[in-house]
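Below, chain A partners chain B and then partners chain C, in two separate complexes.
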Partner chain A sequence: MNLVITGLGTVSPAGTGTHDYWAALVEGRSLIAPLSDFDTDGFPVRLGGRVRGFDPLDHLDGRYVVQTDAFTWFAMVAAEEALEDSGFDVTADPYATGVLICSGAGGAEFGQRELTALYGSGPSHVGPYQSIAWFYAASTGQVSIRNQLKGMCGVLVTDEPGMLDALGQAEQALRRGGSAMLVGASESAIGAPYSLACQAVSGTLTDGDDPESVYLPFTERTVGYVPAEGAAAALVEDQELARARGARVRAVVAGQASTFGSVGGHDPGGEGLLHAALGAMRRAGVTPDEVDVVFADALGMPKADADEAAALRQLFPGGVAVTAPKTGFGRAHAGAGALDVAAAVLSLEHQVIPPTPRVPDPPAGLDLVVRVARPARLRTALVLSRGMGGGNSAVVLTSPHHV
Partner chain B sequence: MAQEKITLEELVELISTSAGVRTDAETAAARTFEDLGVDSLGVLGIVAEIERRVGRKLGSEAELSPSPTALTAFVNDDSPALVEGV
Partner chain C sequence: MRREAVITGIGVVAPGATNATAFWDMLTAGRTATRGITLFDPTGYRSRIAAEVDFDPVALGLEHEQAERMDRYAQFAAVATAEALADSAVPLTDVSPWRVGVSMGTAVGATSQLDREYAVMSRGGADWVVDPGAAGPHLDLALSPSSLSGEIAERVGARGPVRTVSTGCTSGLDAVGYAAQAIEDDLADVVIAGAAESPISPIAMACFDAIRATSDTNDDPEHASRPFDRHRNGFVMGEGAAVLVLEEASAARRRGARLRCRVAGFANHGNAFHMTGLRREGSEMARAITTALDQARCPVTDVDYVNAHGSGTVQNDRHETDAVKRALGEHARRTPMTSIKSMVGHSLGAIGSIELAACVLAMDTGVVPPTANLTTPDPECDLDYVPVTARERRVDVVLSVGSGFGGFQSAVVLDRGSEVRS
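Coming up: the complex of A and B.
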């Protein structure tokens, strides 16, 4: 693969922008708080990682605020940061840049509001923007329109691995002749009861109400995860073209692979995740001893954690540093993989492995980075992701200074 | 009892709440919806809200009003003559 990330943007429970995101990660800050937007009575979840203090009018034209769901706001803001960060001139050839932004729940919060109006007041009370706002492709569409990006556009409707898959898709899009792809994933849907009701059927959410003791993957105390929201976006370019224009390359997308483990659950047994990792490493041409850090999926369910730990031990008999910074805020569904990719890029840049917040000790046989960030010589990072329904994906990112 | 007419000031408020575009009466009076940045879905939402306020259906002709002035004229008088030239 000859793909590089030249721009990065995030909207996370730590705030807007990669600067605040990285600061929270290094600190191992816990951003989990009560879901206070509605009465969670009857829902098997009390806590989550919301993007707080985000006023869309601080970032977006009022039209977008009225017309779109929060998942699109997050995507647009993250995309804006990534584009600006890249310094890439998209206007030179609008048809050379495409957009691919993943979504798991679409505009569920917006949709719920309009459906409430439908059943409460009648069809004439449903606003016309319902026709576009709830849709999974709404974020891709708005980012494309706003920035006049007219290359290949699409949406992957996925759970957590979306961004990793999107990086793989971007490679294909560039091979067909594009010069850049704006890829990302965004999720907002934890402020709406409807969306949480859909997530509840997974049986993997925890209803714990103590922010300090929920979602502790790889520990004996874990009984599930808390949901989160957020987005990350990256501008990816062909390596040669990026270097030719003198771009600051933030990371090399060295290899990516996806597998489908099995229907239902999160890859029961861990075989799918194992093979996604093997495929990504093979495509990247890296051996296990060349991988310096793994950003684990860290589902927070005892069996799934044991499966992942077993896969990691099999992949890395000589051991490897493992971290799961998402423990600090929860799993943002489609946004989760994207935020992990962003964390891995920042980690390679800073030569620091952020810790796994609140997990006090590493489990036996796994070098989980806990308590404090660990400075390390980092050339290669492996990001792992499992989604509800059996999809898995892995991506190998390398530091541009060591290619 | 529903109101019968709408003012331009009310329409300015609806342009903000239904379409997300902030403007004022003077600007709204001089421009088309397109100039203001209100798209066709925005006009649909504005018309639906006016229909609720005036308590009657305005029909698709209202949704095709090119400008705030044309739309208020249509709602208040239903007189095509007043719409011309805006």
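Coming up: the complex of A and C.
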């Protein structure tokens, strides 16, 4: 069974909506800026890709806003865009559509506020919404309620690869029933000090202060990545059902595979990422020479970058175009893979590979798209992701016009 | 040929018992493990009781370094994994590591650790801008529970699909359901599946206090968890883990494994109604049950035992009773339906897997565990909840259901089909 993406939505440091997201990607705009929500003096990370100018009340009913954290706002807004974009009628049968929104840190800022109430004022000062705002399932629950979706409802917590894993899980779910799944991933964990401090313990975040000279994966100057926030969502359907209803197919989810590396290690040696890529291509029935572009994980740590580059050279001995548009805004933890999937869909649609912002030159032996976007004939994209918790995932997306 | 997932081993860390044998002795004796909270000072809290695990990770086989790196909930999972692997005797070295997966559930992950570290880094809540220099060395792994499955994968050498599932209080059922699907869909041949939780922390207790979801029978903790009883007043927080070894059936059969049962059906649905509220009629849970039974190709009359969500809140007990009646019809009245939360409390994301372990043990031993503390039935809950005392009964098909915040409703069917039975 092939799945197709018929709707897409994003909330990113470029703003709300896929239109602004793609505009920023294709331009190679750098959206990294000093984190200004609190005094980051003394923090080991001071730059980030924040979603700016986002007022949840512009998009959501007030009752949702008070009982949810920003990660759920992002998820709900991205989900709404994806649903509208798909034109899929979810009201005909509430059980036909499921929801699977991946989470990383949960409702981080909401949680910190309530922890402050607990320790500052006492247990009776913790509010009634803490029990539904902080936990990882908050976004799936609220998206299900808001859109009246009663199909298979799930939540995966696999960090960066979340969305890629969710696409695989959606395929498994739809094989067993239902017609569509609203899948996505959302993260908002850099606006509050505590979750930022937690992330910084990993030692993989940059401590630089100059937005122009940080997060330069595959270069010798890289010393970690810039954290970001954001969400992406997609409405996926069975290909036959989507065609039958005359839906506009944005991309085909041709194959997905996941493997494990090591906790906190980002797949030392790159063997896990390699196996994930091979598995996804095998399931997609795609050979390496049919892959036109790779959206790399691009951690921005020298060893991890070298491992990924080596895996890519092994996978594509004849070479392949590689890009990492996330260097423009940062790595949005659980949202990172989702934003990459969205970028790949948009890239296939526009037949343009967005560049890897700020990286001046491609490294030896890797056709990294730098400086300017590259128009190309794009049939097939491979998206790669490695997670903090040890998971690796790969997805093959194909253009519906070349199948 | 259709691939099927079978359970070949179980491991349990539960309140009152840190292995499956002790767990089953406790449940079949109808003993409760609820008590006044000792894990932190609960003075000032509305609910000051919980079902706690007496747990020494090093005595139970973890290295000091592992114990130091993992939060309590992951330690539970690691200990339960060791027991499950020994029980199943699955020769993991004979299986390609790329074909071994992990699927673990948790609702709140390392909340206890995040809570503890926040108190330090914020100087007791005084500083919004916490001191990053005061962070513990593994706090990055605590932020997201993805590392729960990762820690288990590293211990067993799994390199296949490794996932943490976090659907609130149905996580423990969903993680096992996903694991079975991974085997059925040929993504893995062995999956270590289960769930873990250690939510007995100030922030978790305070947040359930705030919505009065937990019992405040502080002066009589042993009798506080009373599912389906008219004097119930909320759930009692628990903690623990259970791990099940799932294998592809034909391979398990070939190696001569002891096949305990098939994971025959699994479904979950959102109720799309309310994050904490339930519509009385329970149609979404009923739908999950019906779908799971359909997948299992089990007529409703084959169900021998229903392991209830049975949290002991008024709305849950009535919702669930109606949902089971809706799905099983008249057969619901003839089928024992019990809640082990009456004895081990409600360990949020972990309990679904702990309940599945109990279901396997019920099949193994032909005993249905009771619903402890059910002495004055709620007249609105009129099924056979097996009050107080365990009952001997041949059990071949089990339905286990779960319900949780976010609207999640899950059902798993375990079946000792004729082939497994022989």
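Heads up, the rule we're going with is that the second predicted complex is superposed on the first by the 402 of 403 C-alpha atoms of A that agree within 3 Å, B and C clash if a C-alpha of one lies under 4 Å from a C-alpha of the other, contacts with A are read in each partner's own complex, and residues count from 1 in each chain.
Assume contacts are C-beta pairs under 8 Å (C-beta built on N, C-alpha and C of every residue); 3 or more make two chains touch, one makes a residue touch a chain.
Being a predicted model, the structure only gives us computed values, none of them experimental.
Once chain A is used to superpose the two complexes, chain B occupies space next to chain C without a clash.
In the superposition on chain A, A:260 makes contact with chain C only, while chain B stays out of contact range. Legend: residue contacts after superposition of the two complexes on their common chain; A:65 is shown touching chain B, with no touch to chain C.
Which of chain B and chain C touches more residues of chain A is settled by the count: it is C. When both complexes are overlaid on chain A, the residue A:132 reaches chain B and chain C alike. In the superposed pair of complexes, A:6 makes contact with neither chain B nor chain C. Between the Cα centres of chain B and chain C, as seen from that of chain A, there is an angle of 60°, stated in steps of 10. Of the two partner chains placed around the shared chain by superposition, chain C is the only one that A:200 touches, whereas chain B remains out of contact.
In the superposition on chain A, A:156 makes contact with chain C only, not with chain B. In the superposition on chain A, contact of A:18 is made with neither chain B nor chain C.
Remark: least CA distance from chain B to chain C after fitting both complexes onto chain A is 6 Å. Touched by chain B in one complex and by chain C in the other are residues 67, 124, 127-128, 131-132 of chain A. Partner chain C is touched in their complex by these residues of chain A: 38-39, 42-44, 67, 94-95, 98-99, 103-106, 108, 111-112, 114-124, 126-128, 130-132, 134-138, 140-142, 144-145, 147-159, 165, 168-169, 172, 175-177, 189, 193-202, 257-264, 272, 275, 333-334, 387-391.
In the complex of the two chains, the chain A residues touching chain B come out as 61-67, 124-125, 127-129, 131-132.
The touching residues of chain C, counted against chain A in their complex, run 44-46, 98, 102, 107-109, 114-115, 118-119, 121-122, 124-126, 128-133, 135-151, 153-154, 158-168, 174, 178, 181-182, 185, 187, 202-203, 205-211, 213, 267-276, 284, 287, 291, 295, 404-408.
Residues of chain B that touch chain A in their complex: 16-22, 37, 39, 41-42, 44-45, 48, 51-52.
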